[in-house]
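Structures given as structure tokens follow.
Two complexes follow with chain A in common, the first pairing it with chain B and the second with chain C.
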Partner chain A sequence: MISWEVLGAWLGAALVVWIYSFVYRDNVFYKFAEHLFVGVAAGYSISLALDSLNRVAIKPLSTNPAVSWHYVIAIILGLLMFMKYSKKYYWLARYGVGVNIAVGTALALRTTPMANIVRQITATILPLWTPDPVTTLNNWLLVLITLGGLTYFLFTIFPKKPEAGKPSLPYYVYRVLYTIGIYGMMVGFGALFANTIMTRVGFLISIYLQYLQPNAWASITAALLAAIAIIAGIVMGRSRK
Partner chain B sequence: MVVRRVLPQFIVSLVIILMLIFYFFYINDDVAKTFSADDKALSDWAVIISSFALIVGGVDIFRFHLTQLRRGGLKQAPFSVVTLIAELTMVVFGAYGLALSYLNPALGITITTQPQFRWLYTYVYAPSDSAMYSILVFYIASASYRAFRVRNPMALLLLIVAIIVMLGNTSLGALIWPGFLPLRDWIMTIPNTAAFRPITIGAGLGVIILGLRMLVWREVSWMGRRE
Partner chain C sequence: MSFLSKVEKVLSARELLYTLLLVAVIAPILSPIGLPIGISSRTRDVYNYIENNLKPGCHVYVEVYYEVAARGELEPALMALTKQFFDKGCKIVYGSLISTGPIVFSLMLAGAPDIFAGKEYGKDYVFLGYISGGESAAASLAKSIKGTVKVDNYGNPLETLPLMKEVDSATDFDLVVIVSSGTDTFNYYVRQWYTPYHTPLLFAALSVIAPSIEPFVGAKQAIGMIVGQRGAAEYELLVGRKGLGIASMDAQSISHLLIIVFIVLGNVVYWGMRVTSRGGGRK
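Presenting the complex of A and B:
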């Protein structure tokens, strides 16, 4: 008797192989897995939304209506979002969207000035001469690369190079900072790129570790069968052409 | 015009101002408590409305595939059926879990712990999600070939840093040269932090400007179609 866990392992293994078959070319197995995933993901989102609604609105309303009555307004605003399907009353959906956007904007306006600007600037104000040469070098690098990046992104009015004679001192300063900024960002992007690759490879490995290993034989057989089916499908498709 | 465009914008400005007052202003302890409660209420409203937005998104996918079923022809229709059945199944099991949490609370079953829902999550959603996410590694491989072709000193720097960080992240790197790990840590702490600091500041300024534009009704793209 095959248990649900083993059946699940078969299905999981097959889905992984079907999805990876897209690397070779688009095919019917990939399309099936893709559509199944979209359906399940959409259903999962709806269920999570129902769960959230239940926890945040329905339960407080049913247990303590005197305090939580105002959630009815939010529920009505949420229901108004379905008016987007109406050609005549689509504008009613704007009320719900408006409140949501306003809360998001207010939360961002409250935290961004401190987190994204003030803290970043204070973290850059560092002692440039310290007894430890390594710390001194690190602080210089931090300050120069930050200033260079700011020069590149924000102070975008570049001092002009005179047609005749030597360029001015601000021109040279600007040019040096600009170049340091670009090179600093290349280091940052290199690190970001490497981390992205490592994350994706980590996911690739985790698929095997998490989903295939517990029922190794069932999973390997399922993966092999799925691979054979894909190859057969592609060969049949070619011979038909 | 007023109820269609002016009133929604007025509500946006009002909610932004109220939430800023709740956060920044202090009058006395009692008022602060009221402000805090009101602030939480507005945040809860956003959570409730977001939940409805998620449901609207799910309904949109359902409607799209229903249309595909009618107009997509035989090539698309079977796949749309798969999506529709999968979505419905997931929602039905989720709703069943929710109903059980009210009808028989002693069972301790909720939406996310409903057995069939969990099975679909563990054996269909989770592996597909990971596979979809990790499939991009193959495209990144081809992108990295293009990115890593050394054409100038900047590309060379990007390549060297990427190799060091990758080797520093693996045990193989430590086997080749033990210095890869501390070097990676230094890159991440000093040049990487400094490189992303101006980007963070720029993004922060962008968020503030967008917020101010919303406040003074200059940003109207969120309202969608124009009358």
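Presenting the complex of A and C:
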């Protein structure tokens, strides 16, 4: 008898093959798997959001209204967002969105200057001569690449090369920092690319280890059938054309 | 058509790369090679910080912020950290600012019965569930957890849980761990937990977003970072629990080697064709 686990493995393996079939070309099985995923994810998110609303707002309000009465204001502001579906009262939705943006911005701005600007600047003010040569090299690299990166994004005032004669010293300094900025960013993009590969490969590995390996034979059978279905679909599509 | 042009045509067929990549991933899993895994100073520093600074009875808040797709990269780190916290006698409050939090938490719980064996829900650990609101919710939790949510993920009132009588705000926690597949989450916690309350932060991130949050570690706004599956494998070695991180390292190494080979070949062919074209044009 086929158990739920085996059925789940069949479905999982087929969906994995259908989703990854996009790397070959777009096809009906990929679209089916994609739409299924979007539908399930949307349904799940809505149910979770409603559950959260119930736990955070409705339940406290109904059990202890004397303490939680002010939650009514947030609930009304939230409900106002749905007014955008009304042609007559759509303007009311702006109040909900406006308050939401204002609160979010105020909370973020409260600490952003310190967390994202001041601390980042102070982290680049480093001793350029230390007893440890590796630390010294690291500090030089960090300071120069930071200055270079900032120089690269100078779009307004920067020394220009004179049309005739020898360029000035500020121009040379600017060009050196500009070049360091380019190479620094290239190294950064390279690291980002390598990490991207690691993440994508990690996703593929985990699909196999977490979902397919527990029912290996069922998964392999389903994967082969799903692959055959895709090939058949593509061949049939070509013959129709 | 010259030899280099033929090689270029073969290499530029994406089907070849994808097929070889698939083989490079699956073959080492089916037949493990057992390539050695070195432990980086970054991962060791995180391990040592927890060993040296967290005392029995300490409190840790863990943000579980990832989707099911990111389980393979982040769950091994979460499991290894949870094991270390429990081994140290710490108590853990889990929360999630993403709607997939409850499902990935339940999968983590089901996948690590050995870690949670003997641990009592409500006393040793609590899961607050999904809390909507993004950064506003993070700020509210830092100020007062009980003021933000009244019940946990399973509907239990927080005042009935013994652990929640011990902690309420950011200052009550000895460490906050953010296990996240999104860059914004780290910003939320740096801005709303570290900057106003100076609660130590630890990051466990997807490899792809590690460079984006590196400045926070460099500026000492976080005590350290465990990066992707590689960092998780190292941590599994340190805590002595083999899991998916270690199991996936052979496949990671072989697939990266394949990508390196393709990059080198691609560059050799590119420069070869460029040199050839200078000396008489492409054929």
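Here, the second predicted complex is superposed on the first by the 238 of 241 C-alpha atoms of A that agree within 3 Å, B and C clash if a C-alpha of one lies under 4 Å from a C-alpha of the other, contacts with A are read in each partner's own complex, and residues count from 1 in each chain.
Following the convention adopted for this analysis, a residue touches a chain if its C-beta (ideal position, glycine included) is under 8 Å from a C-beta of that chain, and two chains touch if they have at least 3 such contacts.
As the structure is a computational prediction, the values presented were derived from the model and not from experiment.
Of the two partner chains, chain C is the only one touched by A:209; chain B is not.
Legend: residue contacts after superposition of the two complexes on their common chain; A:12 is shown touching chain B, with no touch to chain C. In the superposition on chain A, A:91 makes contact with chain B only, while chain C stays out of contact range. Judged by the number of chain A residues each one touches, B leads among chain B and chain C. By the document's definition of touching, neither partner reaches A:217: not chain B, not chain C.
Contacts of A:190 after superposition on the shared chain: chain B is touched, whereas chain C is not.
Using the contact criterion defined above for the overlaid structures, shared-chain residue A:77 touches chain B, although it does not reach chain C.
In the superposition on chain A, A:122 makes contact with chain C only, while chain B stays out of contact range. Overlaid on A, the two complexes show chain B and chain C touching the same residues of chain A, namely 23, 44-45, 48-49, 51-53, 56, 103-104, 107-108, 110, 112, 115-116, 120, 123, 142, 188, 191-192, 194-198, 200-201, 203-204, 206-207, 210.
Within the complex, the chain A residues that touch chain B are 4, 7-9, 11-13, 15-16, 19-20, 22-23, 31-54, 56-57, 70-71, 73-75, 77-79, 81-82, 84, 90-91, 93-110, 112-113, 115-117, 120-121, 123-124, 138, 141-146, 148-150, 152-154, 181-198, 200-201, 203-204, 206-207, 210-211. By the touch criterion given at the top, residues 14-15, 18, 21-22, 25-26, 29, 69-73, 99-100, 102-103, 129-132, 134-136, 139, 148-151, 155, 187, 190-192, 194-196, 206-211, 215, 218-221, 227-230, 244, 247-248, 251-252, 255-256, 259 of chain C touch chain A in their complex.
In the complex of the two chains, the chain B residues touching chain A come out as 3-5, 7-9, 11-16, 18-20, 23-24, 41-59, 61-62, 65, 79-80, 82-91, 93-95, 97-98, 101, 110-112, 117, 119-138, 140, 144, 147, 154-155, 157-166, 169-170, 187-188, 190-205, 207-208, 210-211, 214-215, 222-225, 227. Within the complex formed with chain C, the residues of chain A that make contact are 23-24, 44-45, 48-49, 51-53, 55-56, 59-60, 63, 103-104, 107-108, 110-112, 114-116, 119-120, 122-123, 142, 188, 191-192, 194-210, 213.
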